[in-house]
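Once you've had a glance at the structure underneath, I'll fire off some questions.
Per-chain residue numbering starts at 1, and chain names A, B, C, D, E and F are given in the order in which the chains are listed.
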Amino acid sequence: MSLTHFNESGRARMVEVTQKDETVRIAIARGQVKMKHETIEHITGAKIKKGDVLSVAQVAGIMGAKRTSDLIPMCHPLMLTGVDMSFEVLKDCILIEGQVKTVGKTGVEMEALMAVSIAALTIYDMCKAIDKDMEIGEIRLIEKQGGKSGHYKRGE
Amino acid sequence: MSLTHFNESGRARMVEVTQKDETVRIAIARGQVKMKHETIEHITGAKIKKGDVLSVAQVAGIMGAKRTSDLIPMCHPLMLTGVDMSFEVLKDCILIEGQVKTVGKTGVEMEALMAVSIAALTIYDMCKAIDKDMEIGEIRLIEKQGGKSGHYKRGE
Amino acid sequence: MSLTHFNESGRARMVEVTQKDETVRIAIARGQVKMKHETIEHITGAKIKKGDVLSVAQVAGIMGAKRTSDLIPMCHPLMLTGVDMSFEVLKDCILIEGQVKTVGKTGVEMEALMAVSIAALTIYDMCKAIDKDMEIGEIRLIEKQGGKSGHYKRGE
Amino acid sequence: MSLTHFNESGRARMVEVTQKDETVRIAIARGQVKMKHETIEHITGAKIKKGDVLSVAQVAGIMGAKRTSDLIPMCHPLMLTGVDMSFEVLKDCILIEGQVKTVGKTGVEMEALMAVSIAALTIYDMCKAIDKDMEIGEIRLIEKQGGKSGHYKRGE
Amino acid sequence: MSLTHFNESGRARMVEVTQKDETVRIAIARGQVKMKHETIEHITGAKIKKGDVLSVAQVAGIMGAKRTSDLIPMCHPLMLTGVDMSFEVLKDCILIEGQVKTVGKTGVEMEALMAVSIAALTIYDMCKAIDKDMEIGEIRLIEKQGGKSGHYKRGE
Amino acid sequence: MSLTHFNESGRARMVEVTQKDETVRIAIARGQVKMKHETIEHITGAKIKKGDVLSVAQVAGIMGAKRTSDLIPMCHPLMLTGVDMSFEVLKDCILIEGQVKTVGKTGVEMEALMAVSIAALTIYDMCKAIDKDMEIGEIRLIEKQGGKSGHYKRGE
C-alpha cells in the first residue's frame, strides 16, 4: 500500500481514474466548532433571528463542496448530485454534518470534509467579533459508500 | 456586544468597514491532522521523496488563503501582502501553522484559518488511500495584530 | 407540490438527483437592456467598430453560463455541451437570447438565465459611462426540453 | 462623450484608472422577481420556514457582488468594504435592493447590479420547481455616490 | 473546413457537442522556459532545497488544467480523470510536459496546453527576482488520442 | 541574490511585501502564436467576420490578467487599474502584446504575461479544429516600470 498521489519521479499528480466505473458515491463527514456558552446564546438567542448564522453556514458549506477540486490540488472535478448539511447546537459547541453524493469515478470524501470545514469557518467568521477563542475540530469522515474500496464506516 | 454580521432585519450582510483605517494586520492560526504512525512514516519515510505531501499542502494553503473571500460569505476581499506556512511532523500528528499579513481595513484571521484548513484537507486528501481515520482538529487563532480591537494572543 | 430545495429542518440543500437519468437538456432564455436611442447609436454607429459591445457581451454570457453553479448556491454543477447567444438591436433596446445544452441529470434553465443576465450586465457596464439610466429586464425562461418535467414553452 | 471601454483599434480594454483618486463609493441598485401569488405564498407561508429562500438569495447576492470582476469582462477588481441587501415581498413580486460600498478608484454600480441579479436568479432557482413563469426585471441603478462623475440619483 | 467556434452571425459560441460519444481522451503538450544558466543553478543548486520551484510549478500546472474552461472562453467543462506533469532541467532551459486524460465528448488539448502554460508562468514567477530575461516558448500539442478526429502525433 | 519565494525551511511562501510602498506599476509582455498561413487566412479572411477570433482572445486575455493570483501560487492579489491588449497579424504568426497597470506594492509582470498566455491559448482553442500544429512562443517581459527594482527594458 502506498500513497497514490505521486508519480515515478516522486512528484504529485492527479491520480488516474480514467478506467474506473462510475458508481453512486456517498460520503458523510462531521466536525464541530467549540465556543463559549454565551456565544452559543448569541447564535440561538433572542438577540438575532434564530438560526441565521447556521443558514449562512449551510449555504457556505454547500457552495464550498462544489469548489473542492478548485482548492484541493489533487482532487478530481466531480458533478455533485446532492449536498445536504445539518447542525446540532449543544451547550458550548455546534456539531456539523455534511452529506455529499455523486455518480462518478472517485469518492466524495473530500467534498464532504470541505463542506464541513467551510461551514465551520463561516460560523467562526460570523461570531469572531464576540469570541476569538472558538476552536474548529474533530473534522473526520464518518461514512463512505461506493467504489472499489467498498463501504467504510468510522468506528466511534 | 452583538454579532456584527446582521442588518436590522436580522439578515446577514458584509459588515461595513468603509471608514476604518488601513493598518498592518497579522494573524497566525494553527491546526493539526492526527493520523496513524504508519501514515506519518509514509509521508516522511523512504517510500516517497521526503516532504512532498507537505509541499503540496503548503501551496494549497497559500492559494486557499487567497480565496477566503470567495468561499466565506461575509468575508471582505483583502490584498494579502504575505503568507507563510510551516509544518511540524510529530509521531502521530502533523502540526500546521499559517501566518498571513495585509495592510487593510479588516483583519486576516479568516485567511490564516483558511490556509490551515485547506492545508489540512490537502494532507488528508493525499493520504486517504492508506488511512481514512485521520482527523483534522484544533484549528484556532493563535495571534492577531492590528486594527481597533488590538493585540489578541490566545491563552494556551 | 412544494419547494424542493429544503430539507426536513427547513434549511436549504442541493436537491438530490443521484438516481435521475442523464438526458439531453436544452433551455432557452431571453432578456433585454433598455437604453436611450443615442446609446444604441453609440453601440451600432460609426463611432466604434460595429458590434464590439455585443462581442464582449457574447463572450461574457458564455463564460457566465459555465460559472452558474459557482454563483447560484443550490445549482448542480453540469458539463455544458453547447452555449449560443444572439442579440437583436432595436430602437431603444437590445434583446438577448441564450441557448444552453447539456446531457445531464438536471436542466439548464439557470445556465441560460445566467448567460442572459451576465450578457446584459456586460452591456450595461460597457455603456454606463454615457447612460446610467439603462434598465435590465424581462429575463425569463422561453423553452426547456428534457427531463421528467417534460417540454415547457412559455406562453407569450 | 464616447464609450470608454475601447482602445484606438476599436477593441475592448479595461479602462485605465491608474491616476484616479481613491474615494468612498456607494451604489444602490434594485430589481424584482415577478411570480404567481401562490409562489409567493410558498416562500412566505407556513409550508417552509419563513424567509429561507430570501436568506439564501441574500448570501448569494453578497457573494456575487464579490465576484463581479471575475464575470464582467471589463470590470476592475475592487475591495468591497460593505454589502447589504434587503427584500420586500409584495403580492406577486419580490423587490430586491442591493447596496455596495468601497473606497476605490472606480464606482461600484456593477457590483450592486450584480448583487441584485444573482439574488434574483437564486430566488428563481429555488422556486422554479413550482413556477417556471417567473420573470426577473427592472434591474437598474438607483443611486451612486463618489468619484468624478458625482452624485447620480435615478429619476423615478 | 472552417472555424467551428462561430455561429451563423459570425459571433463566437461554445461548439455544440451534445450528440458526441464519450470516449477516452488523452492529450500531451510540451513547452519550455529558457533562462540563464545561473538561474538554473539557483533552482537545482545547493542554495535551496532541490526541486521546490518545480514542485510548486507541478501543483500549479495540475490546478491550472482543472481551471481551463473557466479561463478559455469557448472551452467545454470536462471532468479530468488524470493529470501528470514532468520536468527536465537542461543547461539553460526547463522542459515541461503535461499529460491530461478524461472520458468525455471533447478532447483535452487545451487542458494539457494550459497545464504547461501555468507551470511555465509559475517557474517564471518564482525566478523573476533573479532573472527577468526568461522566455516561455515552444508550447505545443505533442499527441492527442480519442474522439472522431483520431490520433494526432506532432511531426517533430 | 537568491530566490525570494522560499522561507527558511526551503518551502515556498508568498513573499512578504507588507512594508513596501504603493507605486504606479506598469508591465508590458509579448508573445506569439505561430500557425499555417491558411489558418491566418481563416482568421482574417472573408470566411468569418474579420477579427472575431482576436476579439475573443482580447476579452480572454483581460479576464485572465485579473485571475493571475488565483492561478499562479505565489502571486500577490492586486487591484489592476488598466489592462490593454493588441494584436498584429503577420503572414504565419499572430503577435500579442499585453499591457497591465496597477498602483500597488508589487509589480504586474505576471499579470501581463498571463494576459498574453491566455490570449494565445484562446487563439489556439478557436483555430485548433483546422490546425493542430500551431505553436505558442516567445512569451516574455518587454518592459516594467515602478517599484524598487526600477525600470526594466528587455534588450532585443
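Assume contacts are C-beta pairs under 8 Å (C-beta built on N, C-alpha and C of every residue); 3 or more make two chains touch, one makes a residue touch a chain.
It should be emphasised that the depicted structure is a prediction, and the values quoted were computed from it without experimental measurement.
J.: Report back the single chain whose CA centre is most distant from the CA centre of chain F.
T.: Following the centroid criterion, the farthest chain would be A.
J.: Any chance you could check whether A-C or C-F wins on number of contacting C-beta pairs?
T.: Counting C-beta pairs in contact for A-C and C-F gives the edge to A-C.
J.: Thinking of B-E, which of A-E, E-F or C-F forms a repeat of its interface, with over half the contact pairs identical?
T.: Answer for B-E: the repeating interface is C-F.
J.: Report, in whole Å, the distance between the mean C-alpha point of chain B and the mean C-alpha point of chain D.
T.: Centres of chain B and chain D (C-alpha means) sit 31 Å apart.
J.: How many angstrom lie between the CA centroids of chain A and chain D, rounded to a whole number?
T.: 30
J.: Would you kindly tell me how far, in whole Å, the mean C-alpha position of chain B lies from that of chain A?
T.: Chain A and chain B have C-alpha centres separated by 15 Å.
J.: Could you list the positions in chain B whose residues touch two or more of the other chains?
T.: As it turns out, chain B has residues touching two or more other chains at 11-12, 49, 51-52, 55-56, 59-60, 63, 67, 70, 73-74, 77-79.
J.: Looking at the whole structure, which two-chain pairs count as touching?
T.: Every pair of chains in contact is listed here: A-B, A-C, A-D, A-E, B-D, B-E, B-F, C-D, C-E, C-F, D-F, E-F.
J.: Would you tell me which residues of chain D are touching chain F in their complex?
T.: Chain D reaches chain F through residues 7, 9, 11-18, 20, 69-70, 73-74, 76-79, 104-105.
J.: Which residues of chain E touch chain F in their complex?
T.: 1-6, 10-12, 31, 42-43, 47-49, 52-53, 55-56, 59-60, 63-64, 67, 70-75, 109-110, 113-114, 117-118, 120-122, 124-130, 132-141, 144, 152, 154
J.: Going by the contact rule set out above, which residues of chain C touch chain E in the complex?
T.: The contact residues of chain C facing chain E are 24, 51, 54-55, 58-59, 62-63, 66-67, 77-86, 101-103.
J.: Along chain E, where are the residues that touch chain B in the complex?
T.: My answer: residues 49, 51-52, 55-56, 59-60, 63.
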